[in-house]
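You will see two complexes here that share subunit A, one where it goes with subunit B and one where it goes with subunit C.
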Partner chain A sequence: MTVAPFARRWVSVIPRIPGSLILFWLLLALLGPVLAPFAPGEVVSRTVFAPISAHHLLGTDYLGRDVLSRLLCGTGSTVLLCAATTVLACTGGVFLGIIAALKQGLTDTLLSRFMDGVISIPSLLSALVAVAAFGSSVPVLVLAMSLIYMPGSYRTCRMLALSIVRRDFVLAAQMRGEKSGYIVLREVLPNMTGPVMADVGLRFIYAVRLLSNLSFLGVGLQPPLTDLGSLTRENLLGLVYGAPAVIAPALTIAVLTVGLNLALDSYKGKAG
Partner chain B sequence: MARHGIMQPPPLISVQNLQLTGRRGRGLETPIVDGVSFDVAEKEMLALIGESGSGKTSVALALMGYARRGCRIAGGKIRVAGYDVTEMPPAELRSFRGKTIAYIAQNAGAAFNPALPLMDQVIEPALLHHVMPRQVAIERAIFLFELMALPSPGTIGARYSHELSGGQLQRLMAAMALITGPEVVIFDEPTTALDVTTQIEVLEAFRTVRREEGFTGVYVTHDLAVVAQMADRAVVLKNGVVQEEGTTEQILSAPRHAYTQALLAANTPQVRNAPTQATDSGTVVPVLDVRDLVVGYGGTGPDGRPRHTILSDVSLPVMPGETMGIIGESGCGKSTLIRAIAGIQPWTSGGITFEGEALAPRIEARSAAQRRHLQLVAQNADLVLNPAMSVGDTLRRVLTFNGDAANGAEIGRLLDMVRLPSALADRFPPELSGGQKQRVNLARALAARPRLVLCDEITAALDTVVAAAILDLMMELKRELGIAWLFVTHDLHALRSVCDRVAVLYAGHRVEFTPISALEEAPHHPYTRRLENSVPEMRADWLTDVISLRDQGSEPVPALSSSRGAGCCYAARCPVRIAICEVATPPVWRSPAGALISCHLTSQDLS
Partner chain C sequence: MTMNAALIRALLRLVGASLVSLVFVTVAVFFITAVLPGDVADALLGQAATPDAVSALRHSLNLDKPVLVRFVIWVTGLLHGDFGVSLVSHRPVLAMASERLIHSLLLAGVTALFAVPVALLLGTTAAIFRNTLFDRAVSLLTLCIVSVPEFLVATLAVFIFSVQLHLLPALASISDIHSIGSFLASFSMPVTTLACVIVGQMSRMTRAVMIDALGSSWVEMAVLKGASPAHIILRHVIPNVIAPLFNVIALSLSYLLGGVVIVESVFHYPGIASLMVDSVAARDIPLVQICALIFCAAYLFLTTLADIVALLSSQRRHAA
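Take a look at the complex of A and B:
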């Protein structure tokens, strides 16, 4: 119950983090290629897996390319691709989930069974099928990953909404004759922002993981595009040398996902 | 009461200058309880009286060395049965709670685990604290069940919480608290959530068990009539400060402090309503006319009636500008009736007309004008306002939806109508008090400019003083706007003070329909009389009188045969039933005073 003063100060800083952290990653994603000291594809050194030096801040990779430059470009694609996926998956999931809770009956059954169907196929497998059928391009990856992660978001939101749609203020809106869109956006959604935000954070992690997995298998983003997963994979050999080339992208994935989740978890809506 | 012995023993509970503070979010610590001191002698029952927010529960919990989340005991001394509660380490506190001091909470339904048989839970404190072996604990539990007049005390422990009524659970919870034979028992509003008829049984059970067990008690409540029955002395709290302390008699008959006087005034029934001369003479079209409404579930049987009926042939005409009261205990179907009228509960047969036009059973099929002119104000203001929408936005939406001007002035006017400052428009519901929320709830209904407002127990969750203010407000609005109200309640005081006519519901039947003027004059349906007698009065021997009256009256009644079906719905509980009650549906007749009574007995029999 009693919290030490320094801890209290630290706790009070947390709510301000989400906005600035998201902004930081987005800026990095957009400005990364500009900030990069070298062209990402250019072989700039004769030493492979070079350690940290003043010239190459994060050393060089398995071909002697500058790791920092490649990392700056790779972060951009991972962040943007996964953000797009998360936005699509969660928008669909939130909307359909609340609609299902609101309408119940046949709408709920049809939607839920469809989502169950999608969720029952392992995510990596469906992604591989999608890539095999439509080829590996950015739109295919984003759409496939959105479809894969929508059911999870849908189920979470449906459960959250189920307890809210039974409350009297939703009934009051229905009795007034409000349209479903209004009820979803104004009456139900604002009362579940906190858990939805936490869920968004989870979906983002999943997306980063799936994209990294795909890249690791070589069917994700294709060269010359690169992302954090493929950077880790291509430099895997550097592990035995302790090269920053493999540690840096892996660490970036960790910082990105864990940090964003901590930040989103601390988000509290108006209803608190 | 008998505190003036020659050698006064030291008090069993002694609270000196208690300070409790609380913190909301990351805000500053604010005092919740400020400098409260009182003593409780051994075997005495002390009442802590106050409204919500007065700190009475916080004080009671502090006696157990407990402070709610975000709160802490900031200062003062609490001594209970020789222990210094504020100094005790957690391990000692754990054995102190349950062994020496026990707590009976308001909502027994939520206190029991629905997945475990009740006996296991009742004897758990005894086993946990190693007070007695299991077999002894079970015997003691059965003894306590008997003492508290629970049905079939030997086997009730094998049942689960959902199989028992609220009143029975409350008594079981008392047994759970008493199983270890604690020296001090804290009662925290244990009968507030119960019907008046059930409350009598529970209060009587508490009194019996206290007589037998002889514990020291602290009784937390806002109901002064209950205090009169249960407590020897009382402490009146407001905003965490003691206003007055004295014997129960003195507090209730000659209160010295202005706040106690105000509390007493709010508890005393008063007529707020100037009765409208509404009659169903046929010249005026009723604003709402419910005809032979049947509501049920479980599908329809071969006779065209539902397999399980909630409402049986209920008729209810409401005249324009009239306040119609509906009263009955929980489960009598009063909320179902409101829901059917509001269009969220389909019905099997019968019909409802609103301003002369038939109402569709489903809200979706009703016209915009009908939806607008018939408004529902629900009981629980916490659930009925969107916590994420400001008060102003909530009202604005109703106005724009109905195509009215929705400027700040109009919202200010609505808030003013329910006596709230217009600055409240920017606030969110979680920041408001219970009374304020209920006013906003009313304002939202009024924003639609209704002709009839359905009020479902709108004062049930509020403090007496706040509830009295809401009732006053209702009556003012009735005079100013000519709105008709349908007022559902289980509180006879509230009903008397605002209604023009009253329908008494029992088990889905309208057993009596009476103008308020006739409510004071005999004859009445036996159930109406029982309801009237169950309302606690502020004299100390009221409970004793009611119980003895009940015990006398229950002798000459013929035994009830098992075949139910036709016959009077009240036969099973009726103290004056005759043989025919079980087989024939009672006729409806009009008493000299104008009450419509459905009973086999005649006017003379019932007088």
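Take a look at the complex of A and C:
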């Protein structure tokens, strides 16, 4: 059965989206607190779980605070924290992965064994153990999540790099006596940017899922900081009334993760 | 004969690798949770943290000894079945964890009973009717489920099923037929939610396996011979996908663990996962350690099982 022309046109547009989608969320994260009409912690209404109105565009939350303002700030924390996590995890993963492929031998074995060990623990579990040990401050969350997602990035990049390090131009650079850093950044990495970018996008989605799950369980970001997971958690009672206070953050997470995953899916489909 | 020896060697290597992973996990769990001892004693005592009280507590928890000595004490205890006592309730953590573990296994088992057939059916039908509207709808829906955090599925399930519960008398009549209505009532929401998460992941993998099988040369040959679709599915497809499907099932059940943590917390289900989340919030380290070990052991068991099935199936294909 064929897809309608309308649908096909949409499908062909999607591959260009992943990069601009991430850019959009980052911009929203940075501008969010500026755009917020109220202070996120301020109680501005005597009605709790108020519906959508002209004064409060997304109603009020369980304490009578403005949901739109809190949502803008919460989206900011989720996106920025997960972006920081992704950057750390993928910088480490990409660099170590290429180094392992380049050096082979003992370096490769030691790195790979360590990464396999980390990956054999489910991510939510590692995060819970880390929070139990070090508390749930922002640096702990970012560092723990970076460590959790580095092995996945490492594995992908090592596999990708293995076929590149045997090529003539890499051998030539090694013969010239170039430093490892130069070879990694200038010779190997530029030849695998496409798949690496797809992998980075995937790690970002995983980080959003993990952070939201942790915050929803109450062991992620602690008040007064909020993110999309903790916003959903604190307003869960509003579900009974169908309040926008709980629907808005939940929907934002869904749009963020599903949208990016759809975009990546067709991007990979096109690349592969 | 040499083939069998090679197979046994490969199997032993798999089991050995997973045992090494278990040791790695044990060491990692201990050192992550035990490297910062000071603030555990401080955190436990809170306001009552006078220097004397802190040093007494540190002494009773062996926190004044070097880390390596504590590790040896801890591992010796583990080997003798002594996992320590909870810092909060002062009960042995092994007893606390094992009574909760039974509840979790029950939840996981009932969920698997529902989710596995549904996921296999959904994935297979999507593969047979590939690229139809049905397939696209299933793909989109399952992609949504695997993209969002598990708690969102739980929240949505509460929204839909608790609102629509009285709109769907079928659900009520099912619990009437079984005389164990109260059992079903307390179970239905956690099981439904968890099943949604598992079906999402599993049906996607099933679809990939089935598409692979349907595109194979022997199926093509059977189509050319003019065999009926039912004959092709029963005689040519199913025998060839049993092994990879077992692999899919084992892998999906290991995803069940992540979902269990969320679902037990959302529905206040008294399983081992909610025990772990509570112990993390209270920073009850011995309890965190045993819960983490049990989870990792279960996860390693399932992934190793998946690897073994994959190995055996590849052997069978070589033999054929």
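Heads up, the rule we're going with is that the second predicted complex is superposed on the first by the 233 of 272 C-alpha atoms of A that agree within 3 Å, B and C clash if a C-alpha of one lies under 4 Å from a C-alpha of the other, contacts with A are read in each partner's own complex, and residues count from 1 in each chain.
In this text, a residue touches a chain if its C-beta (ideal position, glycine included) is under 8 Å from a C-beta of that chain, and two chains touch if they have at least 3 such contacts.
The model shown is predicted, which means the values in this text are computed figures rather than measured ones.
Look at A:186: by the touch rule set out above, it reaches subunit B but stays clear of subunit C. Look at A:236: by the touch rule set out above, it reaches subunit C but stays clear of subunit B.
Contacts of A:60 after superposition: neither subunit B nor subunit C is touched. Shared-chain residue A:174: touches subunit B; no touch with subunit C.
Of the two partner chains placed by superposition, A:146 touches none, neither subunit B nor subunit C. In the superposition on chain A, A:134 makes contact with subunit C only, while subunit B stays out of contact range.
Among subunit B and subunit C, the chain that touches a larger number of residues in subunit A is C. Residues 1 of subunit A touch subunit B in one complex and subunit C in the other.
Per the touch definition, subunit A reaches subunit B in the complex via residues 1-2, 8, 11-12, 167-169, 171-172, 174-178, 186-187, 190-191, 193, 269-272. Listing the residues of subunit B that touch subunit A in their complex gives 26, 67, 69-70, 72, 342-344, 363-364, 368, 371, 376, 378, 380, 383-389, 397-398, 401, 428, 430, 444, 448.
The residues of subunit A lying in touch with subunit C in their complex are 1, 3, 116-117, 120-125, 128-135, 205, 208-210, 212-213, 216-219, 229, 232, 236, 239, 246, 250, 253-254, 257-258, 260-262, 265. Interface of subunit C with subunit A (complex): residues 21, 24-25, 28-29, 32-36, 39, 131-133, 136, 143-144, 146-152, 155-156, 158-159, 254, 257-258, 261-262, 265, 276-277, 279-281, 283, 285, 288, 292, 295-296, 299-300, 303.
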